[in-house]
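Across the two complexes that follow, chain A remains constant while its partner is chain B and subsequently chain C.
== the complex of A and B ==
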């Protein structure tokens, strides 16, 4: 930040461009840090690839015994692998950008280190949420993309109703990935912010994992019997079900022609994303109001 | 000078059984109290861990729906939908006995840091100490998690379509759970003891965890594996950690083979005890006690 010394005004990130520059600095610093421990980086990459392969193996075995998850849902092997790849992409983005920071946020509240973040002339939520980037988590994004690529190749070469390319997917898929990441981020920052009221909240992190666990499978599996309340809660109250389902459905086309509820759901996802972000902003600000600097 | 000789600590004469039992009981009690200090967090954590059960139930429900074409009679290598959920719950119980979080990494860390010196200068056997500490942790875990587990099994009682098994099968089930604890402990310990040679075992541990997760039957009944593999896993000790107890309870192990299988498990126990002892004795010979 040497250029800042010549012009003090440039040091104050008041416009969007400077926020981008601050983020770029955060990202660069984290990359430099990660590259200091290169062997560790490689080990993490190899282990996440190994876990992914094991997951594929698990479902490969399942699909040896059945041809789809749920009758008439269209989630056959390749379609489901697209779903799984989408899950990995979204999770890896959340883990790379937000997970280490949210973890640190509750730690900052507990130790009173949040004081220093509050003093900085920058939006506190921005600073808290994006301070670190965990680059090695992005490996799973690549693994997910490869899995999706292979599955699409497989689907477009099958005899009956092959996968066909629709140009709008190039825009909608990344867009809904971002929506999904935003919903999960909101959930995570809300949970982290509760540590202002609760003190230590290790179990809340488990809670986060177990809630997002619901998002990992096609939402149709819950739409029966006593699953219906869950289906509605996790769609309309805590919208984790739309996170993976919407982009994965749009890309994988499990049903041809598309189910009639697909587009309304996609529309709802936009509303849910905006609502989640606003809600998390509100919770975050409330938590800052309730924050009493500790042990300083 | 003869007075000084009188102060010689007892190790010259072997410890009496009473003293030894007292020592074991003390180790056990300390570890138990250490664990029960966080019982609230513990019980809540256990309840949380049951949330994925819901997802699993719906996932298998959907999978079986397309196996059977809508009817309830669909089977997958002899497992009905209800069996599959019962299997999943029982394998969770097995894992509660056999999983040893942090054991291997702790052992290798103590070797690396030179912390195991404390076992060498005290009249305490390291393997015995770790064993008792783990047993105490597990007992603490069961006292706290019995209620959540009982609630879970009560809510899911409908999935156990065959009801309670015969008393002899039930006995075999209990034995297999206890052996699952012993085998899980020894396998993790052996991985940790390899730290005498490699110092850093985390990547080895990762490979072990991966194999364990897949081959213990934690994710699915091992019968689901394709042809050569379902034979191979029967000869590995991993299956005793989750698959075997569940299979025993569900009557998947034929009655005439049941006790033979339990005997095999005992054989594995002896093999692993010998392996751990040999690794420890050989390792100590290499050990040079850095740090500490």
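== the complex of A and C ==
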């Protein structure tokens, strides 16, 4: 809330509070810790690469039966792999930076360990959200980037309307990746904060899985029948549909021309991101009000 | 002006009243009964700068809740409180960088990392100047004798060593007020003694204000001149430890060691018998009766050794706790109404 408050007392430390530096230390400490458990690190790397290859194989088989997801949607095999790579990148960022912390947040609420976070002269949500970095999750980011690279190579070498590089995408894509991460983070921290009221929230992971599952596929699949209400809920109420769709679509299709709904959707994504962050901040603060600090 | 000013501070919780049995548990899914627990009910207290105050009370008396309110970790249900001019639960960064809370049963250091990594993090969060940080750290590790352990992962430290590290972490930013919640819990006698000595030395040197809760009377006897007895969420006594003993214990223990082969038959006619484990006998009597009891015992038995003691502090305190439980004890009544 208050960043770098000046300290009137003369004998008080006067260094400015640098959130970036604190985060760097969190990241460093986490890396030191991850390195201590080297075998774990290697196993995670191997299993996540194997999982990724299996996924690619699975969708490869599916695309043996069809050329595209729906007609005229622009989601052919390579485009879909860009979509999938984007999903992995976003998920791996969330898992690396926020997942362990959100999980721990609900545990801290339950056990009363949140006390220490509340005592520190630093923004509590910052402290809680970024305390640990799960470095090994970033392996999926690399795998996702490789998959995207291969798919783009594939697309730019096809005969019919090959993929063209446009410099603007270098700003747009990372920007919307960040928006996506922020939306998922907000959702996650809200889910974790409910532990304050529920006492226990073991279903956090389940919920997380159910909801984010909707974000894993191109939003065009919800364009018919029962898909429509889902489309509205997961775009305008819990905006998980825009998380992957917007950046993936920007990267997979040429920047121009675009269907008339695409740029408004991209604009909406920014609004949704800001709204999600504000909402998560509100829920977070509400949860602190209700925090009971389980006794020692 | 007092450094801590508490007025009519209270905190109540609403807890779900569980009933026994499966059927009751199922019924509980639909209809829940809540009970209001008044952990702290209207405390008034003033603490001056530089005081070392002990909070004394049985489990669940409200000591820890009071410390948590003072640290701003939880919000009160009523009343007001100012610490160094700050309202604790507003949690301003300035207030938070001027006090520390140490809890014997919770640890804040990174479990898998050496303590010095956690300390460095504190340096950044509390914005401690690098040279100042090094100086304080050297001083504290020297005093507590843990210099060699700085590089060892916290999980490999003994409980006592870990507590020392927790203390260092709490003191790195040179807090003006220190709240200690059972800092010696679970420690062996030596470690307890070490920490007591350290706290005494540090407090005398820095003249900081310390509030301590503890179950170990030895901590309190060694450290605190002022004792605040809390029971049922209210302050029942506020004064020195010797006043506690004077006020709440009117008896003495007379310990006798009988000569070899001497039997203790009929000794109960002299005074109330506390225990007989031949050759040792312990009697209890009113203070004014000590002389009479001793004379009679010496006349009637062959005695090798005699000692007269105050009853153990624990006993005095437990009597104090018992006596201070007011008739409103039953006011923790079940309230079915739900209040948010």
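Simple rule for what comes next: the second predicted complex is superposed on the first by the 275 of 296 C-alpha atoms of A that agree within 3 Å, B and C clash if a C-alpha of one lies under 4 Å from a C-alpha of the other, contacts with A are read in each partner's own complex, and residues count from 1 in each chain.
Everything below uses one rule, namely that a residue touches a chain if its C-beta (ideal position, glycine included) is under 8 Å from a C-beta of that chain, and two chains touch if they have at least 3 such contacts.
Here the structure is a predicted model, which means the values were calculated and not measured.
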| item | value |
| --- | --- |
| First, second, both or neither for A:41, with chain B first and chain C second | neither |
| Touching partner for A:122 - first (chain B), second (chain C), both, neither | second |
| Which of chain B and chain C A:135 touches, first, second, both or neither | neither |
| Partner chain(s) touched by A:67 [first = chain B, second = chain C, both, neither] | first |
| Touching partner for A:32 - first (chain B), second (chain C), both, neither | second |
| Partner chain(s) touched by A:268 [first = chain B, second = chain C, both, neither] | neither |
| Contact set on chain A toward chain B in their complex | 43, 47, 50-51, 54, 57-58, 61-62, 64-71, 73, 202-203, 206-207, 210-211, 213-214, 216-218, 220-222, 224, 227, 230 |
| Chain A to chain C touching residues, read off their complex | 2, 5, 7-9, 11-18, 21-22, 25-26, 29, 32-33, 36, 111-116, 118-122, 124, 127, 289, 291-293, 295-296 |
| Contact footprint of chain A on chain C as seen in their complex | 13, 64-65, 68, 71-75, 91-98, 100-101, 103-106, 108, 110, 112-113, 117, 120-121, 124-129, 132, 153, 173-174, 181-182 |
| Chain B residues touching chain A - in the complex, by the definition given at the top | 41, 44-45, 48-49, 51-52, 54-55, 58-59, 61-67, 69-70, 76-77, 202-203, 206, 210, 213-214, 219-220, 224-226 |
